[in-house]
Amino acid sequence: MNRSSRVSRWVLLGYCVYLVLPLYWLLTMALRSNADIAGTFELLPSNPTFANFAEILTNPVWYQGFVNSLSYVVLNTLISVSVALPAAYVFSRYRFLGDRQLFFWLLTNRMAPPAVFLLPFFQLYSSIGLFDTPLAVALAHCLFTVPLSVWILEGFMSGVPTEIDDMARIDGHSFWFFFTRIFLPINRSAIGVTVFFCFMFSWVELLLARTLTGSEAKPIVVVMTRTVSASGMDWGVLAAAGVFTVLPGILVVWFVRQHLVKGFALGRV
Amino acid sequence: MGDCALVNSIVRGITGVFIVVGLVACGQTSDEASAPSISAQAYAANAERWVDSEFQPSTLTRDEQLAELAWFNTAAEPFRGMSINVVSETLTTHQYESETLAQAFYEITGIRVNHDLIQEGDVIEKLQTQMQSGENIFDAYVNDSDLIGTHSRYGYVVALSDFMSGEGADVTSPTLDLDDFIGLSFTTGPDGKVYQLPDQQFANLYWFRHDWFSDPELKEQFAARYGYPLGVPVNWSAYEDIAEFFSVHVKEIDGQRVYGHMDYGKKDPSLGWRFTDAWLSMAGAGDQGIPNGLPVDEWGIRAEQCRPVGSSVSRGGATNAPAAVYALQKYIDWLKAYAPEQAPGMTFSEAGPVPAQGQIAQQIFWYTTFTADMIKPDLPVVNADGTPKWRMAPSPHGPYWEEGMKLGYQDTGAWTLLSSTPLDRRKAAWLYAQFVTSKTVSLKKTLVGLTPFRDSDIRSQAMTDMAPKLGGLVEFYRSPARTAWTPTGTNVPDYPKLAQLWWANVANAVSGQVSAQAAMDSLAQQQDRVLERLQQHGTLGECGPRLNEERDAEYWFSQPGAPKPALDNEKPQGETVDYETLLSSWTAQDAEMAQ
Amino acid sequence: MARIRLDNVGFTYPGADAATLAPLSMDISHGEAFSLLGASGAGKTTLLNLLSGILQPTQGRIFLDDVDVTGLPGRDRNLSQVFQFPVLYQSMTVRENLAFPLTTRGSRRNRADIEARVNAVADELNIGGILKRSAKGISLFEKQLVAIGRALIRPDVSMVLLDEPLTAVEPSVKWRLRQTLKQAQQDLGVTMVYVTHDQTEALTFAERVAVLANGYILQTGTPDDVYQNPAHEFVGHFLGSPGMNFLPVADLPESLQQRVTGMGDPERLGFRPENAALGLPNTFDLPGVVHSQRILGTQRGEVISMYGLQCGAHSVFVRSSMPLAVGDPVTIDLKRWIGFRDAIRVGRRGAE
Amino acid sequence: MNWMAWTAPTGLFFAVIASALLFLILLELKRPTAVAKGWLPMATTRGDRFFVSLLGAAFIHLFWLSLTDWPVLYASGLAMLWLVAVMAKG
Amino acid sequence: MAQNRVKDNRAWIGVLPVLLIVAFSGVIPLMTVVNYSVQDILDFNTRFFVGLEWYRETLDDPRFVDAFLRQIGFSAAVLIVEIPLGIIVARGMPTDGLRASLLLVLLATPLLIPWNVVGAIWQIYARPDIGLLGVTLNELGIAFNYTSEPLHAWLTLLAMDIWHWTSLVALLAFAGLTSVPAACYQAAELDGASKWQVFRFVELPRLKGVLVIAVLLRLMDSFMIYTEPFVLTGGGPGNTTTFLSQYLATMAVGQFDLGPAAAFSIIYFLFILLFSWLFYTSVMRDEDRS
Amino acid sequence: MLRMDRACLDGDEATAFDHSFAPGEMTVVLGGNLSGKTNLCRLLAGLPTQAHGDVSYDEQPWSHLPPQQRSVAAVFQAFVNYPNWTVAQNIASPLVARGLTPEVQEQKICALAQSLGIGDLLERNPDELSGGQQQRLAIARALAQQADVLVLDEPLVNLDYKLREALVVELKTLLAETRATVIYTSSDPRDAFALGDQVLLLERNQKLQSGTPLQVYQNPSNLAAAHLMSDPGVNLLPASEHTERGERRAVRPEHVRLGAETAPQSDTELRFDMQVHSVERSGDETFLHGNVCDPQSPQAMEHWVVRRLGMQPVDAGQAVALYVRCADILTLAVE
């Protein structure tokens, strides 16, 4: 395929450089002391220090933040994918009362400006006793991840011929067997893509996560805010934490990359 | 059948998830598991161990300390095994509490405390959320006493005076010694009740490079140019001259660019603090009367009895009075003319450490929270022997300022208990609050965090020993002058709603989009609108706002006190005072007081 | 319009052991309708891609009108292509689709010329009525017609490549499209190379047919020639429905063997189902037993069938109007046959 | 549910919307809608028209509030007219 | 949605979990916000009905109108830059191999950084005294200072948003491009189409579906942008980068002035809904016609 | 016996018809595009479709049974296999559903795979197979079910013609071994002859005719039926040759003789003149396409196709004389 013209390859190269430079800056910041960061301009850190990383690795609060974040991200991903799968399936296979309206309505939920919804969210989850639990954050993030998951999965599933469903029925398989053993494995790339998107959203979101947690379930993004204090800004630790927060994401992408490429190739996303 | 290949990936995924969930679970339970039950004897032993290993020095004797801890142990008995959550902003002092004192408290009383540290804004947000919703989020908060006007009016906060003699009498330490807390007046409402328990305290002061100020060559140059000696500026004219002197005329010292002024101006909530803390009162916008000026306070809000009646000049307030406009204008002018190019883009947190880099000659509005970070060895502002090259001194005042007015900001982070917190948790939290402020630990805590809050600690030998390294901190706290440094007062009926108005309006003026006058007019108007809404609903009781009728500005200008009419000359002759003279006058006053 | 000459052109995928296309030479003349016939995987798409410039040959040269175009990309070879599934510009109308190749390449013709050409081609293909429609809103059949129209639109196109263009079309209209295509080829006189796996399409469309198998061209010739005189057993088998029957000479009756030996000493005899006659059992002809019957239709009131016959270990098909039932013994009289040795034709016999 | 801060007018508002939805669902089950083209620029179903009329009504109110100082009730009347126009002929 | 779907209302069972979960986390808060918007709320026991007063106040507030116009300007700029750039980047992407995987990871990285860190990175990165970008620009002779120059602040914000989000568009466009059959490119090449024509007539029509979603997502998200500009510029200098969300957040979580904030966000929500719906229907209408 | 009562393939009562499929035989359902073939298959299999009607098997009503509970197997036009399962697993699918032991499964898989020529591909995935192999796999899976009814919906239409030819022969043999009632849909009349014990003609969701292929071929009930059973379609005699209202006379392409072959027999034959505009030769056959004029009104032309054996020496542009035996002329109702 000759779609990548020379121009776009140069643009891609330029864009990659554009992407990498701030990331590089993040990394150098993580390797320098605060006085160094705020005081001088250096292309390469002249006095590299691992103190910032050490601070994060030794302080249990950071570790706990990671664990908390991971737990609600995983929960959110599980919930999103598991409720989106049947919904996407019926959207792709059936026409039913209000289906189109429902589909658009689902998407509109992404439009809610979070700031004002924070207090209702807080009230809602405290009234059912979920405040300060990973589940609360996971459920709240569902508002954003579920519609997207449904949309992505629906795109893929529409591409899977309905004859497969028919065939399975004729072969005598129960719906459950068909769905879990035949249909889902066919769509595993789609699930990979969906997982990526759920992970991406839930991992980086700050406002809801902050509002719905106290001290028990405090996520990493909220722990980060402690770097801003009345005695200055702890750039180095913030950057080191930033570096650490990127890592799980990169791991996820690396592991689902085959699915991503394949999934992107097949589906709507 | 071997359809494993495909199902495998899913199975593997799910297993992965369980591992993660398992890890999470372990992470959480391991905390519980590592908490062995502690017997009564063990508590006593623990107390001894902590006293010997950690809580030294102290203003108490070892026996007194142990007795105090024994009381905590007994009082905590009903709450043993409980786990409570408290929160405060990120500050060295609180870090010490969170990492060391909370552990000690647990080992001594059996109450587990999760002392959370978050950004200050987030503390307020959580506090607000709890107040608004009535849902318990944290069992106790450490927040600034600026909210005293809000706390005393809205009724969400437990009045400690009532609590200590009522519900909480059994958990109130007999050795608390309330009068020893230097910030107690800040946390006392207009009704005379104490609402919060001070936990750490800091002020904003004038900061300067003592080494440069005592450099004969520079002194000579300055005197030649301005006609008076280089020293600690007493008024803004002198500050302005010195700023100009360093930024424009000296420019370089030892080959390095230097500046005569440092400040910050990024549009950020912290820009509001810059103003609501003391700036207007330093310029002289309010009235005389410590702590905050009555009837008009440092925000320009006028109160009659305890009722706020307006902030616009037309209602008798001073938020947009000439003095306030002057204050804002000076802030902007200096920021642009004398501060480093980056300063207007910085927040409080970013700007704070800048003087430590050694390019700043003086800073009018410097928070003592940065002390700890400015005495680290190897800094350009620290001598080889570990003494600082800088000193702190009282801030200069503006032309509208009169004797007896607030001269700067001093605030105390104080323990706040909310009435929506269940009583037993509240009691346990109260125990913790008393523990971290108890005389047993307070001196040690003060030495770690340099935010003294007990008079007994300030006057201790340990502090005297420490004084040379702290650039005047100890001297300041020991001087009677410190009473001129106060937090936001009780005239402000709803701190959160009103404080947010400041930074947005100030930022508009900083960017040059509107004039200083227009910005303050708009601010005053918005403040009055908030007051008006509070008045409409009439829920704040006796001390709720009741706006004055609007009148011609001249009427108010002709009344005594604030708002004051514009001065013809806003730049009087500069005045300075020699630092050493200042110090000795403090010491003398202190000695006088002591007698 | 051009003459296409392939000079010893071959192609091997990088890293592959065997050549996808064995070196071959080929000559297609001006305005000729040429067909490449072969099963899937025979190499015909590779050959097509070599012609269209998507692939470059690993050896040999390609000439268009004696100009060496071997290294040139497709856009510079002045050719057009019709794909298996209709490829249209979805966002354009039918008219815009047709006019598109005339507006590219900077060779801006004036609008009246374009209009005239579009109308002419549309008339030729009978799609004048849908010119204003969106390319998305027409039937598959019409889409393929438009795709063909776009391939024919440039008057100066050197050749048109057709890659199984009838695949997507419903069987009942296939012949109509084929007709239209052939008509257009004759009227416009363009060189067309038609790639297909369907012998009917290849034979009915082309003036000459090249049969490909496993990367080799087995035979090139007129439809009549390749059908009647296959040069290779595969050609005989692949063409015709059912294909040629083959019997080892050794298994034939004595009398037949003797007749055969003079003709290049073949190993196997091939004959087509219509080139044999069935008769009652006798001693001269090849004996067989009916094992299947498939009715083909009637002729003059008689039912014509394709009979499957068992001749010893081999099965052959013969067309006949003789009424027979499964299990009936018959003899087969070969009217016309071809002898093969090592699968290559060595001789033939029968009515010309 | 105190935290949801219900008021009688908003309660009524949501009740009306909920019953309208319920009514539409029942109607849909009884007499399925067909895609039809009215004066709106696109073909719509009954559900689409309901959405358009609600969104339109909201914007009628917004513009009324921002452009005039007259009572909102007039805007509500206008919105009703719009609703009828869209539902019937949209 | 696929065309050959079977009509069966029992399919509702399948969407029920999604419906419940979204209704639970979406509808209940939305209703609450509507309730807030007609009241002055001091706390949950001290509320006063004020009718549509907050709506009127918000709509009459020049700060709202200004922020709204700025917001539209920013969202438009974001779309104008990111959509084409994303497409070009996607066109340059290799389709397989290690290089593709690495590129994918690199592209995804900015999407995986917490938003406050994104702001913090750029805050330092663009500083004219200690940041790579700022220093470089100043070395090039451009007096760059994003904290005092409104235009610079704007451009920095835009550059940050492009850095943060173009990958999303690129990934979506990449997905769309991989679905273009090779034959379409081949046909266009043989027709002599220029690179631009190939893009315009072959790729773009097939990218439409994913681009609709890319535009919708970017529109919605850029309309809601809060954390990053808050950290980077705080909305300054002055009000030049104060967008709706910042303004809203100040009201809602700073002042806890829930009534006006709720009215504000309902208006805001209605506008996004309107834009999205207009866009969605106008594009999907074309789809239906075919 | 498999029966359909009041079957409406498009959901419209007006088109309802009854049909009984001959037990144990193969019925080829012949119809063009959109004639309702696929709906018929889905109705029989119990799959969601707009078609409705009562289906019963051996007097046992099937209508309310889901596909899982009907003894029916199916092969579709598209190669439908489970892409995530290997060939062996695919074939095993119906056996797994029936809960057979692995050993039994193994045995059956091997047997079926061998007989369909995919025995050495068992460990491959379907996407590694060629089209023909994929469809063989689909057929193997259908056969594995050993159902009473086997529905084949245009199973060979997407295959190369030589493969198709081979599979038709194989299918015939394979299906002869089962005792299943087989329904095979197609649009090609040659399939009817090659495979069908019975044929059922469908047009626009309606039943046109049924019977053995030869019966239907020889006695088409109307014009549409004749068209369906002829490839290419029948040639209509010019309008002046009409017999009655609502009826047309027609002749099959293979029943038209060229003048050159033998002399005309004017008493039993009719003569037509055709302007040939194209000639197609497929080796054993020649197709002449052209227009036949109505001698009464020269404007009214009919397009004819003549199908003759062998290579005919006719060129495009030529005018030829055609002869049709009166006995070969079909008189057909137009409706």
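Here the chain labels run A, B, C, D, E and F in written order, and each chain numbers its own residues starting at 1.
Definition applied: contacts are C-beta pairs under 8 Å (C-beta built on N, C-alpha and C of every residue); 3 or more make two chains touch, one makes a residue touch a chain.
All values reported here derive from a predicted model rather than from experimental measurement.
Colleague: If each step moves to a chain the current one touches, what is the fewest number of steps from chain A to chain F?
Modeller: Minimum step count, chain A to chain F: 1.
Colleague: Most C-beta contact pairs, which chains?
Modeller: A-E
Colleague: Take the average of all CA coordinates in chain B, do the same for chain C, and state the distance between these two points in whole angstrom.
Modeller: Chain centroid spacing, chain B to chain C, equals 91 Å.
Colleague: Could you tell me the distance, in whole angstrom, between the mean C-alpha positions of chain B and chain F?
Modeller: Each chain's C-alpha centroid was found; their separation is 90 Å.
Colleague: Give, as an integer number of Å, the spacing between the C-alpha centres of chain C and chain A.
Modeller: A distance of 55 Å separates the two centres.
Colleague: On a C-alpha centroid basis, what's the spacing between chain B and chain D, in Å?
Modeller: Taking the mean C-alpha position of each chain, the two centres sit 52 Å apart.
Colleague: Two-or-more-chain contact residues of chain E, please, as numbers and ranges.
Modeller: If we look for residues of chain E contacting two or more partner chains, we find 6, 8-9, 28, 32, 36, 41, 44-45, 129, 189, 253, 256, 258, 273, 277.
Colleague: Mark out which residues of chain C touch at least two other chains, giving numbers and ranges.
Modeller: Answer for chain C, listing residues that touch two or more other chains: there are none.
Colleague: Can you list the chain A residues in contact with two or more other chains?
Modeller: 38-39, 97, 100, 119-120, 123-124, 127, 185, 188, 225 - these are the residues of chain A that touch more than one other chain.
Colleague: Can you check the complex and tell me which residues of chain E touch chain D?
Modeller: Against chain D, chain E makes touches at 9, 28, 31-32, 34-36, 38-39, 41, 44-45, 47, 49, 51-52, 55-56, 59-60, 267, 270, 273-274, 277, 281, 285, 288.
Colleague: Please give the residue numbers of chain A that touch chain B in the complex, ascending.
Modeller: 34-35, 38-39, 61, 63-64, 67-68, 70-71, 74, 78, 119, 122-123, 126-127, 131-132, 134, 181, 184-185, 188, 210-211, 214-216, 218, 222, 225-233
Colleague: Going by the contact rule set out above, which residues of chain F touch chain C in the complex?
Modeller: My answer: residues 32-33, 130-131, 157, 160-163, 165, 172, 187-188, 193-194, 213-214, 217-218, 232-233, 252, 254-255, 277-278, 280-284, 287, 289, 305, 309-311, 316, 325, 327-328.
Colleague: What does chain E use to touch chain B in their complex?
Modeller: 40-46, 48, 127-129, 145-148, 150, 233-240, 242, 250-251, 253-258
Colleague: Note which residues of chain E are touching chain A in the complex, please.
Modeller: 1-2, 4-15, 17-19, 21-22, 24-26, 28-30, 32-33, 36, 85, 88-89, 91-96, 100-101, 103-117, 120-122, 124-125, 129-133, 135, 163, 166-167, 170-172, 174-175, 177-180, 182, 185, 189, 195, 198, 203, 209-210, 213, 216-217, 220, 223-224, 226-227, 244-245, 248-249, 252-253, 256, 258, 261-262, 264-265, 268-269, 272-273, 276-277, 280
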